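This structure is in structure tokens; I'll ask about it shortly.
Labels run A, B, C and D following the written order; every chain starts at residue 1.
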Amino acid sequence: MAAFLARRIAQGLAVVMLVATTVFFLIHAAPGDPFSASMENPGITEGVRAAWRHTYGLDQPIGEQYVHYVASVARGDLGFSFSLQRPVADALGSALPNTLLLMTVALAAGFFIGIVVAIAQVRRRGKPADHILGAISIFLFSVPDFWLAMLILVAFAYWLPLFPIGGSVDPVMHDMMGSGARALDRVRHIILPGLTLALLYFPLIARHQRAALLDAITADYITTGRAKGVSEAHLVNRHALRNALLPIVTILGVAFPALLTGAVFVENVFSWPGMGRLIVNAIGSRDYPLLTAAVLLGSMFVIVGSIGADVLYRALDPRLRDEL
Amino acid sequence: MEPLLSVKNLRKSFPITKGVFGRKVGEVRAVHDVSFDIARGETLSLVGESGCGKTTTGRAILRLIEPTSGEVHFEGKDVLAMGAGEMRALRREMQIIFQDPVSSLNPRMTVGTAIREGLTIHKIAEGADADARVRQLLDEVGLRAEYATRYPHEFSGGQRQRIGIARALAVEPKFIVCDEPVSALDVSVQAQVINLLRDLQRERGLTYLFIAHDLSVVKHMSDRVAVMYLGKIVELANAEDLYRDPTMPYTQALLSAVPIADPTVEKKRILLEGDVPSPAAPPPGCVFNPRCHHPAKDAACTVLNPPLEEKAPSHFAACIKQPPTAISWDEQVKAGGTKPPESYFPVVEQLTRQAADSNPGALA
Amino acid sequence: MNSDTPIVIPRGWTARSRLIRDRSTILASCLLLAMAIPCFLAPLISPYDPAAQPDIVGLQSVAPSFAHPFGTDPFSRDVLSRVIYGGRLSLTVAIIATIVSVTLGTAYGAAAGYSNGIAGAILQRILDALLSIPRLLLLIAIFAAWRDAPLFYFILVLGFTGWYGLARLVRGQVLALKGRDFVQSARALGASRARIFFRHVLPNVWSPVIVAATLGIGHVIVLEAGLSYLGIGVRQPTASWGNIIQDGSDQMATHWWISFFPGMAIVLTVMAFNVLGDSLLKALEPRRSVME
Amino acid sequence: MTQPLLSVQNLSTYFHTETGVARSVDGVSFDIGEAETLGIVGESGCGKSVTALSILRLIQAPGRIEPGSRIEFEGKDLVTLGDSAMREIRGNRISMIFQEPMSALNPVFTVGDQVAEVGRVHGTGSRRDAWNHAVEMLALTGIPSPEERAKQYPHQLSGGMRQRVLIAMALMMKPALIIADEPTTALDVTIQAQILDLLTDLQKKLGTSILMITHDLGVIAETASRVLVMYGGEVVEEADVRVLFANAHHPYTEGLMNAMPQITHERERLNVIPGTVPPPTAWPSGCRFRDRCPYAWEKCEKEHPPLYQIGERHNSRCHLAVEPERRAHPHLPLVEQVGATL
């Protein structure tokens, strides 16, 4: 097990360095740089720009910049954000917990809804309920993330003002609340973005789970179960589900990037102070260090997700447990 | 006369690897020191239970699986030393028929194109000439010529097996490896294909290596039979001799296990204990010793490697407890032997004879 | 009357007839045509010039009416015309980008699956690495830097970042095919590696490729919309479904029609592609029917 | 004669598919007595497995047991029995052994757990009791060190061991009837011998009746006391085992016996039944075997043959029963020549 983990982590680190290199060159090969954008301000002369470039080392040959960059990343130093005027690691560090919170809520809700919907569909397979749930799944699967977020925001924060319009806490009152009220305030704020993300996400789970369940309930061991006198409900809930959950675990690996993508848009629409918002804000100022770091962090998410899925799969499947 | 095909000490092992760098931590001995000759026009059968290495042997001879070591000579030519080009040319002489009639035909290729492929590759015929040959081949295997334009999924298992045979025959080979060609078929269809294979052999002077697990089919098809167990040939003899006087205790058990379609026969069966050991960890000495029922079995069997030796004229078996044997009693004692070899032919032999006498077949 | 009497497998079980009998396939195809035909006939049927700003004050963000069925946007442009022209662009971008990624993915996957030994292992490792890059974040970083790149490059980059999943799928298929008896049978006949590859392996990987392409187009439409919404995709004044939504995003609560109609256009089109891809999958490979 | 344990009367199971109605089992009747082994033999597509599944009502949509079918067991009609009452019978009074021991076992539960589940569903004792009972049953089927084996997963056992697990599962509640659907087809011949030996041994010990379904005439000859031969969803011949093998009447039975190579016989040439089994959506009119039959004449096309009684407890669905002289003039050679009949 330890050897397996060590191998996967080593592979993951190699991948992250590879990604860092690719992104570095893709970005630095672009014409212009962050400071050529601020043309409109006449107070900023070419001399000022040169000084800035010097400060951030952008005037050095690209090879040297790369060596310097790789060395920093290896030390864990992700650079200094031009636009935020603070170390990238700091900025990401304060945004990450919010994103993780949102993703955890969405992951849990998405998996829960997805599995429940799939079981409902399989129990009523071929009947109208199955088709309706399937149509809803495919609809939500096709909706652009940001558009759905906008609709939900407008519907439940403006037209029907049940929830706050954005942020993770009430900007004015939060600091003055007692601990119970603060918790409630946080819950009120996370419901809309969390729900949106879960809605975008559950079709992926539901569709895989439904297929896996259908595979499982046509398996021979289900017939054996019936021949033993086991009830249909018990067959689905115990025999089939236990087998069908296995392939779902592997989706975790695929699901992470999907969730991250969703988070970028949903955070923006709901002004959620997370990584996604940070990234989008960095677009306008061409904040290279921040953008590169975001891609690296995203890769790490994906890698950790897939390692987690592998470990979980091996733990759940007795056929693979011996190989750990 | 020189044999058509000669196999010497053929070995194939598959490595078991582990870790990032594919470190080899062991190997599966699929085929271990297999040797035999096949004469022109003969059918030699390889028979044994699943995992005994019979299919690997067949494919290694054709180099569809690259053997680990050993020699294969076809008409005196060293097959394993050939380069890629030479090997491709030789494939015209040696063909294979597969077990699974579903998987052995390309689903996106019409029957005609599939049969024609060999003609094109070896530039045997093209155009109208090739069409005519395809029609003739279809006819020869008992299918209608119009079927050339259809796809494999439109045919039943038995028909597909005929198509596979036509495809192999197209290049006019001298030698065909029949890898369980009838195992996937129902009894009545199986009989059609068996008869077809025998007729083709007679008409075209073909030589077969017939691989199967069904001992009744093997008896019907073969001139000689080699019994394999855990990657080794443990007995090799003329079909008649082998079925009448099985010498290796494994063969005896195998034959006694075959259910007989005659309720009047009183069966006395040698029931083997347990399962075949894993080919990744074959037992030392005789590979069959943990399950052996020979009364003279002793510690020597777990040490000495029994050679495949001639026990009766042209009847080879690998057992140091069945006389005659070249492994002297002294050697056996030195290896821990306590029971001297003795001739042992349990009930099986009488059983098969009795049955043959008492019931000459309902129709025959 | 011999062994060749009846053809056992009913012809009705073929992929084509399964597809034709499937009601959702027909619905999806009709929907797709209904969306695509107007888009590609944009100059003929569009009521206004999509870039015209007739009256920036009087016609600013007007609600849907007979004259402007989808209303107008903050620059007084007709939303319906922009949705039609935007659709032409969005669809074109998605189709070309998908062609690029399907070509690359099939080629790479086939090469990775068909090469033996070290070459195959290296190709697989590279693929593993590529698969762990989050596509959207990468695209944001690239387009933030290359903000003035022409549309053509935008499409190419979309294509070049979209083939990893398909490559993995194709590689898996090719590996499975290599072990199939009919490939062994071709080898035994003396077929060359090239012949085996082109005659026996490639023709059998088309079905997952077609499915992936169908689903891929839908995916790229959404992706393009997202990037345009963030301001780094298709640029103003050229209309694309994504940037029309952006035009109205600030006033969603008060002028919902600006963002709503292009959004609906995306949903309907993408849904049609997804349903179609799903039915194709069911028809071509009844065992695997999950979108990836 | 005493009341049979199981009496199947006019059983029809059709599959209502898009490509037509598949009449997989079409009017099958038979009885099984106490401690008897009835064999059903036939090739793939003859309806033998569907018959077995129908008895336990394990047919899934689009399959359906047609009205008019009766399956009488211990005084109840299984066709009309309520679902929960039917579940009471499954695994308890009638149990089943399947062909593929690997896929018939759930890969994610231990084998002990799966055997014990039968006890938990039907028993009254605690989980502990069920487990202990399961271990006993595993021991009974000859699994060495059953306590440890019970804690293993199916993939950790060999094919023969898995089949023993299925047998243990079937025997848990000491059922009156075991349906064995090709129980040894997936096994090697030496393992098959072990399993058949075990089954007959256990039957003697426990007095259970067995319905043995197989395509292998050898297995039938060695295990069954009475045999049904099925073709085209119908019983085409039934007789006591010795009578059947000595005196096969139906041309299909006869053809099958002579098509099979046998280890005990020398045969220059195998007899061939030409053609293949027609699809169950399109059985031929009249006799369903007629276009593969060497004796078929006009009557066979026009008239669906009834099950004629031709001897004591020996029936055959063939018009030769009333016109036996036609057997002397087959219009097809009994040993087919390749190419001759194209």
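Simple rule for what comes next: contacts are C-beta pairs under 8 Å (C-beta built on N, C-alpha and C of every residue); 3 or more make two chains touch, one makes a residue touch a chain.
All of these numbers come straight from a predicted model, not from anything done at the bench.
Of all chains in the assembly, those touching subunit C and also subunit D are A, B. Distance between Cα centroids is largest for the pairing of subunit B with A.
Across B-C and B-D, it is B-D that has more C-beta pairs touching.
Between the Cα centres of subunit B and subunit C there is a gap of 51 Å.
Averaged C-alpha coordinates put the centre of subunit B at 31 Å from the centre of subunit D.
Centroids of subunit A and subunit D (each the mean of its C-alpha atoms) stand 55 Å apart.
Subunit A and subunit C have Cα centroids lying 22 Å from one another. Each of residues 2-3, 6, 8 in subunit C touches at least two other chains.
Of all residues in subunit D, those that touch two or more other chains are 274, 276, 342.
In subunit A, no residue touches at least two other chains.
Of all residues in subunit D, only 43-44, 158-161, 188-194, 196-197, 215-222, 241-242, 245-246, 248, 254-267, 269-274, 276-277, 334, 336, 338-339, 342 touch subunit B in the complex they form. Residues 219-221, 223-231, 239, 242-243, 246, 316-319, 322 of subunit A are the ones touching subunit D in the complex.
Residues 59, 62, 64, 87-92, 94-96, 98-100, 103-109, 117-118, 121-122, 142-144, 147, 150, 153-156, 158-159, 162, 164, 167-168, 171, 189, 192 of subunit B are the ones that touch subunit C when the two sit in their complex. Interface of subunit C with subunit B (complex): residues 2-4, 6-9, 11, 14, 180-182, 184-192, 195, 199-200, 203-204.
By the touch rule above, subunit A contacts subunit C in their complex via residues 11-12, 14-15, 18-19, 22-23, 26-28, 30-32, 138-139, 141-147, 150-151, 153-154, 158-159, 207-208, 211, 254, 257, 260-261, 264-265, 279-280, 282-284, 286, 288, 291-292, 294-295, 298-299, 301-303, 306.
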